[in-house]
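Going in written order, the chains are labelled A, B, C and D, and every chain counts its residues from 1.
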């Protein structure tokens, strides 16, 4: 309980549970699907890096699914969904005009204030929250470079869903952009020490990025994933090990200082 | 206006010495008051939806809980292996002032691996309440002894053994005059044996069911999915078993109040537990489906009673029992 | 061509002395060979999808079963209270010529309320097989002792008591040299105690789980829905508990073959039971979802093995066990 | 088992499991919805009084739902569905072009051969199988009179789904046709002793019709309902008490001689 209180200041402390958010747009990019929902209450409060809990329509799904805020424009929140299992697959089949229940914005945000130079590092679907970060930073006049790694050609088509000026892509099978992982891109970049790193992706990528930032003397933030039940701090189902002990991805996270995470 | 006032139905119930505004409590470990308050626009303390608050189980010592992953979904249910993560009774007590102003009564869920560990928690709280200024302590009016933890000596769950269960209840009973519940595990052959042992040892009431020991595999590796290998199954999937057990206990121990739980997602589910003999009903996994789940379930319960011309929960209690 | 031959995978398994074409059996009481044959266009005996046939439990005496309603659906599951309706062993034996030409081995499911009643069924069948012309009797190669019936003396399920379970197995063991399975009930605290008692008393193998004692209410009346008040819960809802129990038994009794069941709806489900230590897997409620369910599940199982580069069920067996 | 064999001759012994039957038409009549499915294999074998097991689309439904054959025309089978619970409600929301899995035809049929005069007695949704009976008898040149009882106005709109020349309707609230139950209609009819009665409806109605036919010295048949799991004779979940002992509605039934049933 006291832990909860310690960290209460770290992120927005308002909730919006929005029922029947209309699906305003659905766009498919290879393995990923971009959904745009009309959710003014969520959009108004959203900060980059935060997520929403999404109710999967239809019987047969008990728990809500956590999805990062991909974009926030006016009263619309965008989600980028990869079909990994039955629930996310169902969400990719939503159609314009249908509606879906979401709760959010939830969790901690990527700090962006005062940042002049940003490097966004994304792995696969982990790139989703970084568009919102890029939009936020660009609006504040910061310089933004993004490096995204994808599995293969099909996954790399997700890059088409992003609008970031300096966006480098790597694919493990070399079908698109740099052959290899996102780390190969980072190795080629010359980044100023004033650069802030924003990372989201699979655990091995987070580990590699953390290692790289230490070597380069950069500081930054990572957004982590965990299996969730409540998504709102009640169940302690989503803990990860950090320098501050076990913390909840849904509550103290998903965004943590890069030097705190223990991937 | 809280749903409890609306409609022609009087939702209030007496749970032992407690007079509750309505029959719905939160199931321990599934609802964190402070986390809701932090995310709420208004004053969540004023709008607190449950008639009493059962916090997550607290133990004498601090516990870091089980390795991740700790939760996942199953057909019409979910499995969890949190491992009683909690700050320990000392830090827990230090946090009380943060929510001391909650109007509703609090039933503290207590865990441990030995009778002594349970007793230490109750003793610490009784001592604190005797000394602390009233406005720095919530209205703690009862204890729920969660005997689903493994017994350090036998390794088995304490709650699977009548003697071990009686040992825990017996160790706590002398330390408090407050309402004492024993929370029973369903991982037993005959739940009435454990129920009777708990009552004979001094429990005022019983709550059931806790989760069913279960296992989920990772579809890729075919290895146990949870960091703890096994976990506890709950949700609608197990409701029919929970209803059967609540009915058995209510029938075997007619005078003993029962808090029923297990897969309550709707007002009708709650009414079914009452019909099986429960005085109050706890909502667990449903809290994860929507932040307003308790409000919805409560108004559905009122409607279900209204639709059947039942003036109160008491009028429905035990309708499913007997010939 | 039967699915078992296709693909690079060898699906055959050895279940004790039985060499089975693949690991899938029907779960007793959920699949009636003659009813399928009657509704089938071709020769169902030639296209029989399971590797062995487990008929509905037969008892010494004829039983009319429980009052209606006997079945209904639950969240991700179903409940039944058939009450072991069967014509009794005498008429059952008289019906054997009707399906004597089944190629697959038959495991006869035996029920009763006393050791003597179980023994009477086994004795009657052994006597019949000793005398009857071979072409008038199916290939009966084993018995599955369904100890989930209530014990007439104790009232409790025989399978909830190690001694009573051993009594039933011990009464049948001397009467036959055939493969003898004990089918365990999940309505117990520690299933390995019952498993060990059955094996010590002479069981060659174990099958689990039977159904979970549960209750469903009529939403209108709030009275028990089933004519028998309570019934047995099965289906996907209980699969995580069944997997846990199969894993516990496989770990506690490494040498003993296990037939795993409980909520198998897909090839992946079947593979999960094998990964938890099962040698064969029984399909129950899934038979009610489609007449071709066994064929579908079998080809899915082959695909799941293929996809993981597992050459046979044996290669997957126990993958979920151990550290 | 032997019982099974005894009764094997009583009804068709072929099955057709038809996957993805296209929904060709959906018509709503008050509380009832008429569905027309393209299911040639089922249609070819169907006899009046038989039923199909219908898979409820979407996750969250384990057991199939038994539904009587309402009409059979060419390669199309018609079903008449009343939303009683979640599964039947879902079926009433099927749309043209969607598809649904069914198994059938199942169970025993109403004997019609040699019948010259028929009286069809239906209660609520129990009227569904009687249209198929009427069509079958009319084709054979038999005289057909039907008496259907409904709860109220909304339910009575189901009568619009039927095409039977001599169709009398009663409603309990008197909103349509004769006020009262179908028994009040029967009392007014003068029926020749050569009339064969076909009854389907709630248990109290079956009991009353059985009583009435005995008094009138008529013979006939009743179609019964029971909760089912398999629908194909395996589970013994659907038994009813009859003069021949406990019999399975899905296998020996749903059609039984009126004098055999024990409602």
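Here is the rule we go by: a residue touches a chain if its C-beta (ideal position, glycine included) is under 8 Å from a C-beta of that chain, and two chains touch if they have at least 3 such contacts.
Only a predicted model underlies this, so the values are computations on that prediction, with no experimental measurement involved.
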Worksheet item: Could you give the fewest steps needed to travel from chain A to chain D through chains in contact?
Response: 1
Worksheet entry | Interchain centroid distance [CA atoms averaged], chain C/chain D, Å | 35
Worksheet item: CA centre of chain B versus CA centre of chain D: separation in Å?
Response: 48
Practice prompt. Quick one: which residues in chain A touch 2 or more of the other chains?
Written response: 60-61
Response to the item:
Multi-chain contacts in chain B, i.e. residues touching at least two other chains, fall at 75-77, 235-236
Worksheet item: Connecting every touching chain pair, does the picture come out as line, ring, star, complete or other?
Response: ring
Response to the item:
Full set of chain pairs in contact is A-B, A-D, B-C, C-D
Worksheet item: Inside the complex, what are the residues of chain D that reach chain C?
Response: 1-5, 8, 13-15, 17, 55, 60-64, 87, 101, 103, 106, 226-240, 245-246, 251
Worksheet entry | chain C residues touching chain B - in the complex, by the definition given at the top | 74-77, 79, 156, 160, 187-190, 212-217, 219, 221-224, 230, 233, 235-241, 243-244, 247, 263, 268, 271-272, 275-276, 308, 316, 319-320
Worksheet item: Hey, which residues of chain D end up touching chain A in the complex?
Response: 58-61, 86
Fill in: In the complex with chain A, residue positions of chain B that touch it
29-32, 34-36, 38-41, 55-56, 64-65, 68-73, 75-78, 80, 82, 85, 87, 91-92, 94-95, 98-99, 235-236, 285, 287-292
